[in-house]
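One chain, chain A, links the two complexes that follow: it is found with chain B in the first and with chain C in the second.
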Partner chain A sequence: MKKLAFIAVSAAIAAGSPAAADLVFPSLSYRTGPYAAGGIPFADGYADYMTLLNQRDGGIGGVMTRVPECETAYNTERGVECYESTRGDGALVYQPLSTGITYQLIPRTTADGIPLHTMGYGRTSAANGNVFSHVFNYPGNYWDAASVIVNQLLEENDGSLEGQTIALLYHNSAYGREPIRTLETLAAQHGFELSQLAVDHPGQEQGNQWLQIRRERPDYVVMWGWGVMNQVAVQEAVNIRYPMENFIGNWWAGAEHDVASVGADAAGYRSLNMNRLGDMPVFAEIQEHVIDAGLAAGDGSNLGSVLYTRGMYAAFLAAEAARTAQEIHGVAEIDASMMRDGMEALDITNEVMEAAGMPGIGPEFTVTCEDHGGTGMAIMQQWDGEAWVTLTDFIAPDDSVTQPLVEEDSAQYAEENGIEPQCAES
Partner chain B sequence: MPEQLVFAMEVTLNGLMTGVMYALVALGFVLIFKASGIFNYAQGVMALFAAMTLVGIQQGRVPFAHVINEIFGTDIHYFGWEVPALLAILLTVIVMIAFAYLVQRFVFKHLVGQEPIILFMATIGLAYFLEGVSDLMWGSEIRNLDVGLPQGINDWIDVTTFEALGYGFFIDNLDIAATLIAAILVMGLIAYSQYTKNGRAMRAVADDHQAALSVGISLNYVWVLVWSLAGIVALVAGIMWGSKSGVQFSLSLIALKALPVLMLGGFTSIPGAIIGGLIIGVGEALFEFAIGPMIGGATENWFAYVLALVFLVFRPQGLFGEKIIERV
Partner chain C sequence: MFYREAGDFKTTYAADNQTFPILFDRYRYYFVLFVGVAIIPFIINDYWANSILIPFLIYAIAAIGLNILTGYCGQVSLGTGGFMAVGAYTSYKLMTAFPGLDMISITLLSGAMTAMVGVAFGLPSLRIKGFYLAVATLAAQFFLIWLFNKVPWFYNYSASGQISAPERDFFYFINIPVTGPNAESWAKYLFCFLFVFVLAWVARNLTRGSVGRQWMAIRDMDIAAEIIGVNPLKAKLTAFAASSFYVGIAGALLFTVYLGAVEVGEAYGITKSFLVLFMIIIGGLGSIFGSFAGAAFMVILPVVLRNILTGTMGWDSALATHFEFVIVGALIMFFLIVEPHGLARLWALVKEKLRLWPFPH
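Entry: the complex of A and B
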């Protein structure tokens, strides 16, 4: 009986153990729930790129990748449960695609020594690597995004927004409230008036907010939305006949499904994007090696869409960091602490992007011990009624505004949590 | 006329329209609760399921395509035809009737005579089950719903109010359509329950199901009937809300807005659901207009419940609910 029990336990452990040679990139995805429309293409892009590396290159540095998925439904508690249930699987880096989950994971991943990559979301001041040793938010963060939008508006208004009104329509959550501080600072600096309009989860009801916009007629409406909030906002803007070219979403409010239901009537609506759109050689490779081979995470219909491309871009950045870690440590089978080193030494150049089949997908940037945030550059894109078209090249944020805010907020976090500067010691 | 008063009038009108949309969801709850004493937690998910099914049929999508493709290694997603809106609505009604039959046959038939809390828990299970089935059947992506309903600002109201008050009111054509449809639906439901044999059977079961059984009314049949009607109401609510925002998971959350409406209007009154919806719609809109900006906005969700709780203090059975008299 004891022998039988031993065999059963051994078998269970063997079944549950990760394959020794895998590089594990857990995907805390959401394919269900109110935010699934955004979560699905991102998760597909992330998983498909890793599958491409396995199929085409035999993994990264000769080691196969693995992307175990855990469904969070964009729910913070479930996100934490997902982290707890997958972290023992040899996880190299987490990308929760949720600011709420990110806030909960920052202390946990730091304590566990596992890096957290929150590209374009999460806690903005995590860009300060001196304080947030295991959190990376390159290539940009919310404060960069707010600054990029204002810079673009300054460009369009001969360098002055004096006397103009900008309404911030935001998801009433940790995510939606992130840019307020930056926009308040920018409003004081550039002399525009900032009005704030909160929209409760999930964002299905915005009638009152858009009545207010119709009454007050702000010069611009900037949206920090996600999920159904985006579609409803675009529809309401069309309903009240707000000039769509003056309605600008951040990079989480500019996917195809955000505007497709309104279609041609939404033409003119603009949004940021942290990654370039358009045909790239990597898509043909994914089609051939992943989708046609029946290995795609989804049905393949999202290939090339805004959020699929972003998920793929996130996977590319993770893969390049893993490759860098392998080079630094001279081993192919890296662990989470080595991955962190790789992320901190990441150098994304045009050559690297081109070699990956995605030339110019993002800005060139270098990560350092102090700077985990990248350049913060973003492009402006516009919905032409049928598709998103790129309007501008990568626009830089105003670091003189965002950097002091990052320093101030991270210093406060360091003080509250007794964190010593990590870079000073190195 | 003072500018703020004009704005308040516009907010009030829009609040009334929004209230009708809430009432559409609340009606489904009332129908089932009145006939069976079951608080149907799944009503919101039924609206989602009905709307997903409607769009799926309209666009000629293959149900359970992902499952079929996964099992058989095929790559089919569409039948290759499109179904006209009216026919698709009729087919969806048939699906909702079939759903009602299955729910009664496999769930509630076995729970007759159980405590209300058991029945309530069963509907929670049903909600999660249906949510999963919707996902499996039609996928989680956002679907566009177009059944030909008008949408956008009503120009006549805009121009008329501008000439009269100096400010053109915004009223969404979709909200006007929803109001008309809700009115027809309520009149239809009242007429059905008053003047048809089935309607009288429903009322008999609602009054006293033991007595109804004793005169030969089939409880099973009436419950299937009631769940079918609730399914049709869910379809109407799904169409209205889905036309606004696309058909997606969030539709199931609109049920949360029906709860304060029911608390206020009463769980057993169809007119109560309408009046309750209107009060909640106007109340939350005016509160957001007058107080919202001072306290950070986004007050609609919680204020609806505060309003309902205030009413509950003074009238626990709701405005139109039947007074509960228990003798010990």
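Entry: the complex of A and C
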């Protein structure tokens, strides 16, 4: 058995260390299935920004980037297959854009030493770098988002939500259930009542849930939706004449395609966003170097949309982390462990964003060994019937609520999996 | 020429009744076992294990399980996904409640638990048949998924409702992890192979023994079976128990060894029930070989197609996925038109022809 183990281990090592000439950023995308409406613009934005870096700057630090795409259809089994098939390629960082796939990849990527960046999704307590050494969820997570929404509502209601009801309409999966714990804590703290309405995959059937909303008339409806669920929810809200200003989506429930099918009737619907919108210089450059050159990942029609911008923002954060890693280690051709160091030393300032042609796209934040979560700030945006309009500046979450929850959940994970918190020692 | 009974003399009753009566078949069987145990574990890599072989082995167990119920006993079931979830959640509870327990015990206990649940949901089969039974098992599917979503005890009150498998060992004196991220692929593969081998062997012998004959009597005509002395209560409930035992083990392995983390609605939803049902229909109802063939068809073919379309031919990944549906769907229709009894029947025909070859007259 020992010999067998030795052979297996040496085979694994041989398979895991190819001579990579490119910086490989695999994209576990989904361009098919009920979640494709969100998956396509994000994947396009991610790939196009990397292509822009290749075309305009000759890659990152002189090394070309490569974005191999693998179709997961938002399905966890295919996610595993995609991970295994792209891993040997010298993958630097994984961004699965699916909370379900994230949960599977957390132990695998940690064991394989590849960082995982789950930007505003995935396991919230991964913000604790003491426990989750290879998982990053900057610039924000679901618990921050829940807290941001409540903070905004508090401000609108003169600091008190006493006696109000908030209904949480959520996708009945790990993704949708994430904010419940935070909202329950906040409900106890601020004295509002929380009612939970689960919508099953894929989210097309919401008749019962909206009947209940119609009957109970909650003061606010907060939605954790994705894919086709968002469009259906907005349509149902319009059908029961729910006041749209009081219907608030999280940052995955606020893209053009979610409301465009209803159009002007959905005016007033609000959602969070972790990246700012608007005309940024980088879009012109993508148009010139990527789309007009015929190198776009998609048909180029998504340029500047909410999720395209977010995919581009994700690629920008990955590229900056790779650049940081190159500086730290003094080599251009970095590997996954160096990439991890780069992500952990990431410092996003206004100058960095400006230099990349996307001034103020996100909040300024610094990643440390202990804190992999960023600031958690988000803006509130509103659909005016034709386009998304930014309503507020970046709103900060209430860390005194989310931080203890992160500590508690990550401690439980550390105990279950026998992980020693590590940053504190070094 | 070499594929025939001639010259292979059977001198005992046991030899006369063996599963592979033809010498060449026996050697082929031993060869497959030899390759599976002594060669593949040494050359397997993570991709082959996690994308192809482990899912194939696990779905083969599920297909054998459903074949016992539907193929041999004639009771249509759409609750496979729900029963797989029972196996997975039993494993999870056992793994977290008894950290010292080894995986073989956990998996067998999960199967036993599922068998009990299966018997409970099998009780209506005494009164209802055919499509009506299918609807009753469909209710089991939805009820079980709802239960695992609704009661937080099942997922240990985690924030997301996900269950994830901690690291556990092969057996109590073999301290090799088979679950968790540090498990080697050969260990995971051998663990699944062991279960497939034992369970397929047991299933083959169950189905040709008295129990299996009772099942088949019920399947072919239940009233006639009752008249000749088959107890329908016993036959149907044993079929439900055996079937759920297999399906539960498949569900447990899918969670512990293959996926590692599971979201019940997605991993064990109604689509999984249909997937396993398609496997046995395409593979062949009432055939152990058919279960393997069907599992291979539904698990391996899409992966191979994807690799050919995106890897070799360089297609766009979304286009390749759409075409994958088209091609697999077309192949399913082709096979069902050309051979409605499944791949197992096709294989049997090939064997018939081989026996005569090269002198067909």
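The rule we apply is simple: the second predicted complex is superposed on the first by the 405 of 426 C-alpha atoms of A that agree within 3 Å, B and C clash if a C-alpha of one lies under 4 Å from a C-alpha of the other, contacts with A are read in each partner's own complex, and residues count from 1 in each chain.
Going forward, contacts are C-beta pairs under 8 Å (C-beta built on N, C-alpha and C of every residue); 3 or more make two chains touch, one makes a residue touch a chain.
Quick caveat: nothing in here was measured; it's all calculated off a predicted structure.
> Should chain B and chain C be called a clash or a fit once both complexes are overlaid on chain A?
clash
> Thinking of the overlay built on chain A, is A:172 touched by chain B (first), by chain C (second), by both, or by neither?
Both chain B and chain C are touched by A:172.
> Answer with first, second, both or neither: which of chain B and chain C does A:111 touch in the superposed model?
Once the two structures are laid over each other on A, A:111 reaches chain C alone.
> Of the partners chain B and chain C, which touch A:56 in the superposed model: first, second, both, neither?
In the superposition, A:56 contacts neither chain B nor chain C.
> Go through the superposed model and pick first if A:200 touches only chain B, second if only chain C, both, or neither.
Both partners, chain B and chain C.
> Give one of first, second, both or neither to describe whether A:235 is in contact with chain B, with chain C, with both, or with none.
So A:235 only meets chain B here.
> Would you sort A:211 into first (chain B), second (chain C), both or neither based on which partner it touches?
A:211 sits against chain B, while chain C stays out of touch.
> Once the structures are superposed on A, label A:329 by its partner contacts, choosing first (chain B), second (chain C), both or neither.
neither
> Could you figure out whether chain B or chain C reaches more residues of chain A?
On the superposition, C touches more of the residues of chain A.
> Quick one: classify A:34 as touching chain B (first), chain C (second), both or neither.
first
> With both structures aligned on chain A, tell me which stretch of chain C collides with chain B: 38-46, 92-100, 128-136 or 308-316.
Of the stretches 38-46, 92-100, 128-136 or 308-316 of chain C, only 128-136 runs into chain B after superposition.
> Determine where on chain A the residues touched by chain B overlap those touched by chain C, and list them.
31-32, 36, 40, 172, 198, 200
> Spell out the part of chain C that touches chain A in their complex, as residue ranges.
41-47, 50-51, 55, 96, 149, 158-162, 164, 166-167, 174, 176, 180-182, 184-186, 258-263, 265-267, 269, 303, 306-307, 317-318, 320-322
> Quick check: in the complex, which residue numbers of chain A touch chain B?
Going by the criterion above, the answer is residues 31-34, 36-37, 40, 172, 196-200, 202-205, 207-209, 211-212, 214-215, 227-228, 231-232, 235, 238-241, 257, 260-261, 294, 299.
> Residues of chain B touching chain A in their complex?
Listed in rising order, the residues are 7, 10-11, 14, 18, 66, 69, 73, 77, 131, 135, 140-142, 144, 151-153, 170, 172, 241, 244-246, 248-251, 253-254, 257, 285, 288-289, 292-293, 296-298, 300-301.
> Considering the complex alone, what residue numbers of chain A touch chain C?
Result: residues 1, 4-5, 7-9, 11-12, 15, 29, 31-32, 36, 40, 69-71, 73, 75-77, 80-81, 84-85, 87-88, 99-100, 103-104, 106-108, 110-112, 123-125, 172-175, 177-178, 180-181, 198, 200-201, 409, 412, 416-418 of chain A touch chain C.
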